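Before anything else, here is the set of structures, which you'll find just below.
Okay, so chain A shows up in both of these, paired with chain B first and chain C after.
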Partner chain A sequence: MHESILIYRKHRYLKWALALAAVSAVIYLIDRPLGAPNGGTWLGYALGTAAGGLMLWLAWFGVRKRRYGVGKVPLEDWLSAHIYLGTALALIATLHSGFQLGLNIHSVLYVTMMITIISGMVGLYFYVSYPRLLTENRRGLSTEVMLGQIAELDRDVRQIAMATDDATNAMALKSTQDTILGGTALQQLRGFDEHCPTTLARQFVESSVSSQHDAQRRQLLTRLIRKEDLLKRIRRDVQLRCLLKVWLYVHVPFSIAALAALVTHVVTVFYYW
Partner chain B sequence: MGDVYKIAIVGSGPGGLSAAAHAAKLGVRHVLLERTDHLSDTIYKYQKGKYVMSTPDVLPLRADVTFNAGKRETILDAWNKQIADVKANVRYNADVTAVNKDGEIFKIKLADGAVIEAEAVVLAIGLQGNLNKLRCEGAGLPLVQYQLDDPDEYEAETIVVIGAGDAGIENAIALSKQNTVIMVNRSSEFARIKQGNLSLITNAIEKGDIQCYFSAETHKIEEKAIILQTADGQARVACDRIIARLGAAAPRKFVESCGIKFPNEDRTSLPEVSPTYESNVPGLYIIGALGGYPLIKQAINQGFEVVEYILGNPIAPADQPLIERKFAGLKPATVEEVLAEIRDVIPVWHSLNPLQLREAMLDSEMHVLKTGATVFKRNDYTSSFFTVLRGTVGIQIDANDPKKMITLGPGAFFGEMGLISGRRRSATVVTVGDCVLFETPRRTMLKLIGSVDSLRRTLDQVAIMRQVQTHLAPGVPVADLMELVETAEIQKFKAGDVIFAQGDKGDHMHLIRSGSCTVSMRVGGKDVVLSYVPSGNYIGEMALLSDMPRSATVKAAHATETVCIKGESFKTLLERNAPLKASVEAKFRQRIKANEQMQKQPEAGSIIEFLIAQGVGEGTDVLLIDESLCVHCDNCEKACAETHGGISRLDREAGPTFATLHVPTSCRHCEHPHCMSDCPPNAIHRTPGGEVYIDDSCIGCGNCERNCPYKVIQLAYPPDEKFNIFSWLLFGKGPAPGEAMSYKSKNGRDDHGHSEKTKRAVKCDMCKGIPGGASCVRACPTGAALRVSPEEFMSVTTLSG
Partner chain C sequence: MRTLIRHVTRKSRGGTAVRDEVAEGEKILAGRGNDCAIHLPDPRVMLHHADLTIRDGKLYVLAAPGADLRVGDSLTQISKLDVGSKIRIGPYEIEFAEKGGDFDFTLHVELVLALGDDLEKLVARSRIHIDRIGLSMRAWVWLLASVVLIGTFVAPFVFNLLVGPPPDKLSLAPGKQHYVAAPTKVWTSGSISAAHKFFGDSCESCHEKPFVPVRDRACLTCHAGVQNHAQPAIFPFADLSERTCQSCHKEHQGNVTIVLGDEGFCADCHKDMGARTTRSTLANASDFGLHHPEFRPTMVKDPALHSMDRSRSIGGTPPPVENSGLKFPHDKHLRTTGVKDPGRGVVTLQCADCHTPNETGETMQAVSFEQNCHSCHILRFDTFVPDRELAHGKPDEVFKQVRDVYDALAMRGGYEEPTAPALLRRKPGEPLSPVEKVTATNWAASKTADVFNGRFGRGLCEECHRTFDTNTGKPTPTALPEPKPWSIEPPTVTTLWMPKAYFTHARHADVPCAECHAAKASTSSTDVLIPGIAICQSCHGGEKAADRVPSTCVSCHRFHRKDLEPMRPEKADAAPHILPRERTFAGGTLPMWEKP
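Let's look at the complex of A and B:
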C-alpha cells in the first residue's frame, strides 16, 4: 500500500509498459513492409491505433484525478500506470511514424506529444526528489509557523532598533517593511532575493557591530540573522513547491494541444486516403 | 376574596405554568401565584440568548404548553402567548409568605396581606428563588450581584466571578469578551461541570483571558475590592463588580412552615413526595426541582400530571407508551411485570431504584432473538452493554473454532469489555436457544456506573475475572483464578503517569484493560521508548518472574485503567498451571529480544513517542503522511471536500512533523472519543467498523469542537450546490473540484452571507458509506497518505529515517 509510485505493486505497470514496448519493437523489427516502414502499413495502423488510444487514456487521468470517491482502483495505480505507459507511448508513436518526420501537420502531433512526455518526466523527477528536500528544509515547521516567527522577530527588531542610531534604525525598519516573499512566478522560482532588505540590514549591522558595550546592536544582529535564515528557508520552500507545480503548466496545455493535433492528424489521414 | 379555588399553584416556572395551563384547559378554578411581574423568573434571568436544552430526549412532552430546545427568548415568548391563549388565571406580584391548612381548606397568605383559599396547593417554586448568598463581611455591598442577565451590558470592568459551577463559568466566559474577569474557585480544580465548559474555562485560563484563583475563599468584601483567603495567604483584588454563582437550595424554612417534612438535616436534602407528587400534608403537592426533578421537561410533564392527580385521575407516566412499545415483544406481560422480572432476574439491575431502572430501560434496546442469531461479531467496534433476561447466549472464545463457547444464562451480562476498553469486540456472541436481551448504550452505563456504587462493584468483579481469562490465562478454570481475581484491584492512570519505574521492586503486574502504555528504558542518561503496549496486554511480569528490579519504566500514554495483580497469587497460579507458565515464559523471552532490537534503533522509539504525543495511541485509525512522498498537491483535501459536501475535514498542511512522518489535522477515531462525551442531542456515534461520525441531529452547539484535543472538528454551514467537472471547466459554474464554498452565493443565506440554517459540526467519518474506503488515501497519487491503527503503527516506525 505504502510505497513510491515507481516501485508500486512490485513494478506492475513498469512490466506492462515494457511488455507493450517489447511486443511493438519485435513486430516492427520482423515486419517487412513494402517500401519504408510508415504509418500507412498494417503495422503502422495498428501502432497508430494503440498510440492514439493510449493518448486518450493518458489524458483521461486529468479527469480521473478529479473524480473523488468513485472507482475501485486507487489513484496511485492510475498515476503509476500513467507514468510507465506514457513513457512507452514515446516508443510506440515513434515506431508508428517509421522515423519519418517532416515539416507537416503530422509532426506537430509528434512534437507536442513528445513535449508532453518529456515535461512529464521532468515532473516525475521533481515528484520523486523534492518532497524529501521540502521536509528537510522545513525542519518540522510549517510555513505558517515560520511566518509567525518572522512577525515576532520583526516586532523585536523594530523595538530594539529604536534605541540605535538613525542609519541603523532606517535599515532595520526597511527590513521589517520592505522584505518580500513570493512575488512573480520567476521570483518564486529563483528562490532567493539578492536585494533583500533583511540581508542588507544584516550586512550593515554586522559591519558596524563591535566588541564594545553595544548590546542593542548585537541583539539586533542575532534577530536579523535568525530572520535571514527563516527567509532563506521560506524562499526555498516556495521555490520547491513552485517547481512541484510549474511543470504542469507545460504538461497540461501541451497534452491538450497534442489531443487537438491527434484529431487533425486522424482527420487528414483519412481525408487524403 | 371569598371564593375558594380548586387549585392554587405557587410559582410560575415550567412546572407551575404547565399546571395552570392544564387547569385552565380543563376549566378547573385555579390561580397561579407569581412573585415577580413576569412568568418563569428563573429562565427569565438566564443569560441573554442562552440555549436551553430539552433533555431527556426520549421523554415525550405531555402538556398544554410547548417546549423545544432553543433560545431562552423564543421559549419565554411561546409560554407567554400560550398562557394568555388558554386564559390561565395568573396573579403577578403575589409573594406567598405562608401556606396553612385550615380544615380541608388551605389559606395562602401573600406579602401584601391578601389571603387566597384553595382546596389543593401545588408548590412549584423550584430552588432558584432561593439562591445561596455570600456570608462574609461586606456581602451586602452594592457591587455584589447573584445573577447575570446580559453579559454585553458590561464593558471594560474588572469583574470577579465567584463559584466554579456551570453557571459561574458560562458567565465568566461571556464577560471575558469585553471585561477583565477573575474567577474564584474554592477547590483546586474544576470538578462536576459539563465537559464543554471545562475545556472552555481551561482554554481561557491558559490563554490568559481569565485569571483564576484556585483553593480560594471569600474573606471580606470592600467598596471596590474583594479580599480572598488563598493557600498562600490573603490577596486583595480590586474590582468593579462581583458576581457570585453559588447554586441554590430548597427554601427550607418556608417549606417546613407549610408543614412539610425533610428526610434529613443535610442542606441539600429535598422533601419526599408520593408517586402522585403529594407531600406528607394531604392536598399539598410538590413538583419540579423542589421535588427532586430538576429538568425543565420533567417539570412541565409533572404540571400536567399533578392537575390530573388532584382531580382524581390516575394517569400513567408520560413515558408509558414508549416503554410499552419497547416491551411489546413480551406481551401479554405488562410493563410493570417486565420491570419486576428484570429486577428479580438480573443482579446488575437489582441495585437501581424503580425510576433509574425505568430510565435505563427507556435508553436500552430490547432484542427478542431466535436461536443461532449473532448478537455481535468479533472485531466489531461497538461499546454497548448486554444483559440476559431469558434464554442463553454463547461466547465464542476461539476465533478459529466457533464450537468452543462459554454459555451465559438469564441474569448474566456481557459486552462489558468493549464498554470499558473501547477497542474491538474480543469475541463473537451468538444465541443458544431463544433469548430476550437488553442492549444498553455506553453513555447510559457510564452515567449509572458513576452514580450507583453497587452496580459498579458488581460489574468490576465479573469484568476482572473475564479480562484475566481472556488476556492472561485463557483456558484456566474459574476456580483456579478466584484467589488472583479477589486480590486484584483496578488502578487508574492519567496520561503520562508512571505505572512503575525502572529500578522499582517488582511485586505485582498489570493487565491493561483500557488505554495504552509506553515502555521506556534509560540508556546513556536518556529515556528511550522501547515499545507501545495497547490494552488487552499485560506488563510487569518480567521483574515478577525473575525477582529482579524493574528493567524499564512504564507510563500511561493516555487515560488508562489496569487490573493490578499481586505477584504472589500470580506465581501460585503459574505453579499450578504448566501450559500457562510455558506461554508466559515464551512471551518473556520474546520481550527481551524485542527490547534488545529496539535499543539498537533509538530513533524508532522517538517516533513512537512523537506519535503518542499526537494522540495516535488512543486513536483507532489515524491518517499519517509520509513526507518523503508527499508532493503537496492537496488532492487528499480536495477528495475529502468533494465527498463531503465541499468541506474538507482534514488539513494536510497543519499538524506536527517528525523526521518525514507528518500527522495532519484529521480525526484519529479515538477509542473513547472525547467528542462524544458531551453531545446534548447525542448526535455522535460509532459504527461497528470503528468510524466516529456525526448525524443530522447536530444542533451546532460546538461542544465536540471544544472537547476534541486534536482540533479536528469544525463548525460549518451546509454546503452549496455543486456542478459537474465539465460545467466548471467550460462555463465556470460553481466552485472548483475540492474548493470550499464561497459564502457569496444567495441560496438560503441572509444579508451577511450567513446561512439561515445553523452551523453544524463536521468531522472525518472515514468515508462511511462510500465503497472502497477513505477517499483521502485513495486520492493520493503518490501513496504518501496512509491510515494506521495502533496495532499496526509500530510498523510505521520503520518508515521514517
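Let's look at the complex of A and C:
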C-alpha cells in the first residue's frame, strides 16, 4: 500500500526536523550574546554551519534522485527527510541571521533560499493534493483515450456538419481543425481557452437550433457538447500536470542560485572577517 | 450535352480506382451538397461551391459567392477552361481531361488533399507537456546561478581590484567629503555603527588583510589610549589584554553605537563580586532598577592625608558626613524671609545664585568666595580702616597683610580709633622721633595680634572656616611664618561625589533642584545633599524597565576607566593623552583605587 511521504516511517523525519528546530530555537533563546544576535557569535557560526551543511545535503537530493538503485537508504527516506529538514532550514537560517536582513548580498542568499523552500512547499502541496484531482478529473480515462475520443467526435462533427449550412459547417470545421490543447506554459497553466473554436461552434449551433426537427444540428450539438467537456477535462489535466512540474522550474534554479549565494556569503564573510 | 465525371481514387499500394458518373445538361453544380452533379463530400467544400457551364461548346467555371476557386495557380471567380485545365475546389482537383469522344466533356475529380488523421493533427498542434514549452531547466539554472555569482561576488571583487578602495575619510582634505562607496560594500553584513560611518565606505580601513579577523591595531589607530577596566595586577580575572577589541565591540550591527550596553555583560561579574575576588569593596549590582546598591559618595576623610572614605551610603547609619572644613548651613541661606545683603538689602537666595553649571552643563562650577560669598561676607577687620579687607584664600599672607596695614598707620598717624595712643591719632604725616617710632611699631605689633586673634580676625574667619592653633603640634599643611599663632584648615569641597559614575545636570536641567537636593532642610555643611538612589529610580529603571527610562550600566558607568592605565600601553604613546576627569576636591585630584 502506498504510504504518503509525509507520514513516511511514522513521521521519523518530521521528528528529526522538529528536534533540530527545537534545539536551535531553545539555544537561540537561551543564548545571551554580546550585542544583538547575529551570524558572528559562536551560536551564529554553529547555526550557519548547520544551515550551510543542510543546504548542501538538500541539494544533493537532486543528484541522489537520479541514481536509481544506488545507496542503502531508499529514495523515499531521502525525499521525506528532504521535505522536513528543508522546512527546518528556514528556521535555522533565520536564527543564524538573528533576524537581521539588509540590502546586501547575504540577503540574496536568504531570499533565494526562502524562495527555494517555499516553492518546495508549494510543490509538496501539489504532489499531495493533485493526484486525487487528476484522477477525479479523468474519470478513469487516460489522456490518450480522451484525445482518441475527441478525434472520433471530430470525424462525426465533420460528417454531420457537411449536411448543414455553410456557416454552421465552417464553425464545425474550425472546431475540428483549430482547437488547440495546451500551448505555452501560461496557456497550459490557465487550464481554459475562452477562444476555443469548439466552444464558439457549440454556442453558434446552440443559438441556431430552432426546430425540434432540426435533427442534424441537434446531433452536431450533442457531439460538440461532448467534445467541449472532454476538452475541458484535458485542459484541466494539462493544467494540473503542468503545476506538478512547473514549481520545479522555480525550486531547482533557485536552489542552485542559493548555493552560488552561499559560496559568496561564506567567502565574503571571511574575506572581510 | 453529356459530361462524364470520373472520380479517381489513388490507392496506397499504387494504381487508381475510378468511379464514373454522367451529368446531363449545360450546367453542372460542384459542391458538398447532395444535389451537386460533382459531389465533393468534404467539409472544406461549400454546399454549392462552383458551377460548370457549357456555352457555345465551351466550358466555363463560375465560383459561388464567397467561394475559393483556383484555376491553375490563380484564384478566380470565372474562367474559361481548356483541355488540361485544373480547377481546385477545397481539397479536390478537377481536371478538364478530354473534349469530344463518347461524351462532350470528360472531367477527372480527385481528392488530392485528404483531411488526414484527426488525432495526429490534434496532438501535433497541441502542446500538453510542460517539458515541451521550450524552457530549458538547465539554461535557466545556469542563468540564475551565474547572475547571483557574478552580481554578488565576481563583479564587486573585480571592481574593487580595478578601482581600489576609497581613501580613508580620516585622511580627507577639509571640505572634500564625497566618495563613491567601495564596490565591495555590498558584502557588508550590516550597517556600520554611527560613530564609524564617516569611514565606513572604506572596508580596508579595518579589514586590513583578507581572511584575517579585524586586528586591534586597526582600532588603536584612533583609540590607542583606551584604558583598562580594572587594575590587571589586582584583578587578574578582569585582565582583558588577551581579548581583542572586537570580542566586545561588535561592528556592523546597524546604525547604533558600538559601545556595549548589555546589562548582562556587566552583571556577569558584578552581580556577585565576592565569587570573583575578595579584593574589591564594590557592592554587587546587576540592574539599576532591581539590584543596585545605595549610592556611596566618595568622601574626603582627611584632607591632609588625602584619605578618602566611600563606605557610607546616602541615608544610611551613620550617614556620610562631608568634612570640607567649611561652615555653611544651607537652610539659613535659603530661608524664605531672605538674607541681608550689604549692597542690595534683604534678598531671597536661589540655588542658581551660587551654583552655576560649568561649560558642558555636566557638573557645577566650584563655589568661590569671590564670586558667591563676598557680596555679603565682607572681610573688613577694622572699621577705622574701611578700605581694607582680609586677603581671602591666602592664609600665609594674611598676618603679614594686617601687620603691614598697622605698621603703615603707625608711621603715618591719623588712626582715629578713640582708644588708640595719641601718637597714632596724631595729624597724618607728622614725623616721629626714633623713640616714638619704636613705640608706634610696638603698638602695630600688638594691634595686629589683637585684631588677628580677635573677633574680626580669627573670629571673622571662623564664621565659615575651621581654624587651628599652630603650636598644638597638629600637623599643619602649611608652614606659617611666626608669630602667626593659628591658621585655617584648607577647605576640601567635594565637586564630584561619585567619581565612578557619570551624571550630567545638563540633561536634567528641567527638573527643579529641590526635587533631588533637600538643601532647604540642611542645617550643616557636613550634610551630603546628593540624592539617594530612590530618587533616581523614580524615573530610571534597569535595561528592561517597562515603566521607567531604561538605563543600563553604561548609562552612568564607564567600562574603560579613565583613571587607569591604557589597555594597550605599547600603542598609548601615540595617542592624545586623555586626562582623568575625577577631580574630587578643590586643589587636587584624588586617585580611585581598589582595596589592595
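As a convention for this text, the second predicted complex is superposed on the first by the 270 of 273 C-alpha atoms of A that agree within 3 Å, B and C clash if a C-alpha of one lies under 4 Å from a C-alpha of the other, contacts with A are read in each partner's own complex, and residues count from 1 in each chain.
Basically, a residue touches a chain if its C-beta (ideal position, glycine included) is under 8 Å from a C-beta of that chain, and two chains touch if they have at least 3 such contacts.
Just so you know, these numbers come straight off a predicted model, no measurement behind them.
K.L.:
Go through the superposed model and pick first if A:S4 touches only chain B, second if only chain C, both, or neither.
P.N.:
first
K.L.:
After superposition on the shared chain, which partner residues are touched by A:R67: those of chain B (first), chain C (second), both, or neither?
P.N.:
The answer is first: A:R67 touches chain B but not chain C.
K.L.:
Does chain B (first) or chain C (second) touch A:T143, or do both, or does neither?
P.N.:
both
K.L.:
As a test of reading the superposition: which chain, chain B or chain C, is in touch with more residues of chain A?
P.N.:
C
K.L.:
Check whether A:A151 is in contact with chain B, with chain C, with both or with neither, and answer first, second, both or neither.
P.N.:
second
K.L.:
For A:T179 in the superposed arrangement: first (chain B), second (chain C), both or neither?
P.N.:
second
K.L.:
Quick one: is A:R241 in contact with chain B, with chain C, with both, or with neither? Answer first, second, both or neither.
P.N.:
A:R241: touches chain B and chain C.
K.L.:
For chain A, which residues lie in the overlap of the chain B contacts and the chain C contacts?
P.N.:
Overlap of chain B and chain C footprints on chain A: residues 143, 241.
K.L.:
Hey, which residues of chain B end up touching chain A in the complex?
P.N.:
My answer: residues 626-633, 635, 638-639, 642-643, 653-654, 656-658, 660, 662, 725, 737-738, 767, 770-772, 775, 777-784, 786, 799.
K.L.:
Looking at the complex, which residues from chain C come into contact with chain A?
P.N.:
32, 41-44, 46-47, 115, 117-119, 121-123, 125-131, 133, 135, 137, 140-141, 143-149, 151-153, 156, 184, 186-191, 203, 207, 210-214, 247-248, 250, 253-254, 260, 262, 264-265
K.L.:
Touching residues of chain A toward chain B in the complex: what are they?
P.N.:
1-5, 8, 63, 65-69, 71-72, 74-76, 78-79, 126-127, 130-132, 134-135, 138, 140, 142-144, 241, 244
K.L.:
In their shared complex, at which residues does chain A touch chain C?
P.N.:
32, 34-36, 38-40, 100, 102, 104-106, 108, 112, 143, 147-148, 150-152, 154-155, 158, 161-162, 165-166, 169, 172-173, 176-177, 179-185, 188, 234, 237-238, 241-242, 245-246, 248-249, 252-254, 256-257, 259-261, 263-264, 267-273
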